[in-house]
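For clarity, chains are labelled A, B and C in written order, and residue numbers in each chain start from 1.
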Amino acid sequence: MSGSETAPSEASHIRIERAGPVLHLWLNRPEARNAMTRQMQREILALFDSIRDDRSVRVVVIRGAGKTFSAGGDIKNMQAAGSPQAASGGIDELREGNRRGGLMLHTINTAPQVVIAVVEGFALGGGVGLSCVADITIAHARASFALTEVTLGVVPATISPFVVARIGLTQARYLGVTGARLTGEQAGAIGMAQIVAEDDEKLEAELKAAINRILRCAPQAVAETKRLMPRAAGVLEMETIRDLAADAFVRAVRGPEGREGTLAFVEKRKPGWVDVIE
Amino acid sequence: MSGSETAPSEASHIRIERAGPVLHLWLNRPEARNAMTRQMQREILALFDSIRDDRSVRVVVIRGAGKTFSAGGDIKNMQAAGSPQAASGGIDELREGNRRGGLMLHTINTAPQVVIAVVEGFALGGGVGLSCVADITIAHARASFALTEVTLGVVPATISPFVVARIGLTQARYLGVTGARLTGEQAGAIGMAQIVAEDDEKLEAELKAAINRILRCAPQAVAETKRLMPRAAGVLEMETIRDLAADAFVRAVRGPEGREGTLAFVEKRKPGWVDVIE
Amino acid sequence: MSGSETAPSEASHIRIERAGPVLHLWLNRPEARNAMTRQMQREILALFDSIRDDRSVRVVVIRGAGKTFSAGGDIKNMQAAGSPQAASGGIDELREGNRRGGLMLHTINTAPQVVIAVVEGFALGGGVGLSCVADITIAHARASFALTEVTLGVVPATISPFVVARIGLTQARYLGVTGARLTGEQAGAIGMAQIVAEDDEKLEAELKAAINRILRCAPQAVAETKRLMPRAAGVLEMETIRDLAADAFVRAVRGPEGREGTLAFVEKRKPGWVDVIE
C-alpha cells in the first residue's frame, strides 16, 4: 500500500534466502521501515502458497531489513485512498488491499511450517499483526510494539483477530484503544513475544537455538499439531474433540514419523529427521 | 445493595467531576469501602447511558473515595435477602439486583469512551468485576484483588464472564475457587491490571500519562475499535471477519478522522483531536 | 500405556492417602518417571468418579512419587502399538486408550473438588495435560515442562484443549510445535502454573497454605463456581449469561452456605465449614 508502488516487474519488496531446511524472508523496504505495500503482500502470499506442500522447508524466518521489523501499512497510500474521489469508479482497491492483508496473515498463520518472526526496531500496526501470526516471536528487548492506528484516525481491523488470539481480548483492546507502546521486554511479559533477547548477539543466538529446536521435531507432526491446536481452541463439543484428537494421535503414531520416532526412542538414537544448522 | 440504602432523594453514592474531555467517577461510600449498593449501580448505569453518544467525553476514570476501590457487593444486604422470607412475595429483588449489576458491567464494558480503573486498597468480588471491564486498569502495587465470594458461601456469578475475558478461564477459576488474594503487582503479572504503580505519586503520574495517551487518539476510531475487538474474539468465520474488518477499515480511512489523521501524518503535524491535560 | 502393564489384580499404579478433607493422589511408577499407563488412567478415573458426590473430600492433591510429576504417555507402548499389525484385529486399543486419557482429563477438570497439581521434576506430554486440569498448579522453580510429542513424531492431541484453555492458543501452539522446555519459573510467567516455589521446603509450605486457603471456602459454592466459570467463557449470549449467573447467585445466597457465610460475616465469626490442616 505504498504511494511509490510500481509495476510487478520492479524490484521485489521482499528478499528470500534459502539455507537448507530454513527459508529466510526479509521485508526489504528499509528506506520506509518496511511498511507493507500491496506488492509486498502479494509476494509474501505467493511465497507461502509455493511452499505449502513442501516439507523440505521446515522453518520460515520473517524479519525486516535495516534492523527494524515493519512500520505497518503505508500511510501515504491510505491518505491518497481516503479521498471520496478514490472511492468511486470500479473495484475498491482500499477494501481489496485490506482483505488481501487479512488473507496474507491467515495464510502465514496456517502455514504447515514453523514460522519465526524476529522483531527488532519497530513493529507498528500491521507489523504487530505480522508478528502475531508467527509460531515463535523473538523480540529484541528494546524493540517497540504499538497499535498506532487510532492515533491516525483509523482502526486496527484486519489484524484484530490475530492480536486477540495472541494476547487475549482485553490486552488487545487496551493496546488498540490507547496506541500504547510496549518494549520487547513488555511484549514478552504479555505473551506477544515468546523469547526476548537482551542484545543483537543474543538475538542471533536465540534464533539459531530456536531453529535447531525445530529441526529436532518431525515435520509432518509439526504440521498436524498446527492444524489441530486451533480446533482445540474452538467451540467443539468435548466428545467431538476427543474423537478428532484420538484420530490425529493414532494417525501420527502409525505414520512413518511416529514409527521412526518411537523406535528411535527405544533404540536410544536420534530420529532420521533431526537436522542442525551451524 | 446496602443495608443502609435509602430513597433516591438521598445523597448520591457516586461523585462525578468533569475536567474537559475527562469524566472522573468516584465510588463514594468510603465508610463502607465503597461496597456497591443498588443506588450506586443505578447511578453508574445512568451516567454511562447519558454519555453514550457524547464524543466530547473521551475518558472515564473510575476510582474509589478513601484510597480504596470497592469491597464488592454489600454483604449485610445479602444476609438480609438470603432468608426464605425475603424470597417470597412479588419480584425478587436479590435476583433483579444481581442482573442489574451484570447489566452495569456490560454497559461499562461496551462504552464508546476509554474507561480507566484506578485500583488502590481493595478490589473484592464485584470490585474485581468492575476493574475488569475497564480498558486500562492502573493498580497500586500494594492493592489487594480477591474473589472473596466462596469464603462467604456465595459464588462469583455476574462478574465471571468479565473476569474470564480479562485473565482467561483457568486463572479466573483459580481465583474463584480459592479466594486467593493478589497484590497489584501480581494482578499486573497475570494481565488483570495493565499498569502497576509503585507508590501514590507514580500512580497519579501513570494516570495522567494514560489520559494524555488517549487524548492523542481519535475518539470515533477508539469507539469503533472497542466495538470491533470483541467480534474479532468471537467465533465468526475468518472470511466474515475479513469482510467486517475491511468495512471498518475503509469506513475509518474515508471518515473525517481517517482523512485528518493521515493528512496530518503526511503534513507532519498533530491531528486536530489531540488534546493534553496538565 | 506401559509395556509392563499387567492385569488389574497387580499392584496399583497410584497411591491414595486420605487426610481429613484432603485426598492425596500419588502417581506411583517412579521407576518410569510416572509415565501414564492404561491402568493408571482407569484408577484415576475410578477415584474421581467415586468422590463426585462426596463433599467431605474438599481438596485432591495430585503429585508424582520420586520427586517427578509425569513423563506422559508410555512410549514403548506407543512403539508397539504403532505397527500395522497392531492396527488390525478388533477394537483399536491405541485409539481407545487415547480417548480414555481425554475422558480422564475432562473428569478431573470438572471435578467439584479443588484439584491441586504439585509439579516437581518433569511434566512431559500428557503430564503437562494433567497439570493443566488442576485448579492450582504449584511448580518447583526448576521443574521442567515440555510438549515433547513432536520430537517423537507424534502429536499433542488429547491434551490440546486443556493446554489451550490454560495458556491460550498461541502459547500452546508455540510449545506444541517446538517441544520447547519451560522451567517452573517460566511456566508460572505464562500462567501454566499459578504458584512457583523456589525450593522443596517452600513447595511444601505453599501446598499447605493453598490447602488451608481452600478449607476456608464453602464446598458447595466452590463446586458451583467451577461449574459456572466455563459457561462464562463460552459463547452464550450476554443476556443468557446474566440469567444463569443471577440464578446461581440467588441459589447460593439462599442456600445453607450463603446463609451461614453472610451471617458469620455479620456476626464477625468464622463460618462452620472453615477447617485447617497442620
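Criterion: a residue touches a chain if its C-beta (ideal position, glycine included) is under 8 Å from a C-beta of that chain, and two chains touch if they have at least 3 such contacts.
Predicted, not measured: the structure shown is a model, and the values here were computed from it.
Undergrad: When you draw the chains as points and link the ones that touch, which shape shows up: line, ring, star, complete, or other?
TA: Shape = complete; every chain linked to every other.
Undergrad: Determine how many degrees of rotation, between 0 and 180 and to the nearest 5, align the Cα atoms of subunit B with the equivalent atoms in subunit C.
TA: 120
Undergrad: Do the two copies subunit A and subunit B share over half of their interface residue numbers, or under half; same or different?
TA: different
Undergrad: Counting only Cα atoms for the centres, state how far subunit A is from subunit B in Å.
TA: Computed value for the inter-centroid distance: 32 Å.
Undergrad: Residues of subunit C touching 2+ other chains?
TA: Answer for subunit C, listing residues that touch two or more other chains: 168, 189, 235.
Undergrad: Could you list, by residue number, the parts of subunit A that touch subunit C in their complex?
TA: Going through subunit A, the ones touching subunit C are 114, 132, 135-136, 165-168, 189, 191, 194, 210, 213-214, 216-218, 220-222, 224-226, 228-230, 232-233, 235, 238, 241-250, 252-263, 265-266, 271, 273.
Undergrad: Hey, which residues of subunit C end up touching subunit A in the complex?
TA: Of all residues in subunit C, those touching subunit A are 75-76, 78-79, 81-84, 87, 92, 94-95, 98-99, 102-103, 106, 149-158, 160-161, 163-164, 168-174, 176-180, 189-190, 234-235.
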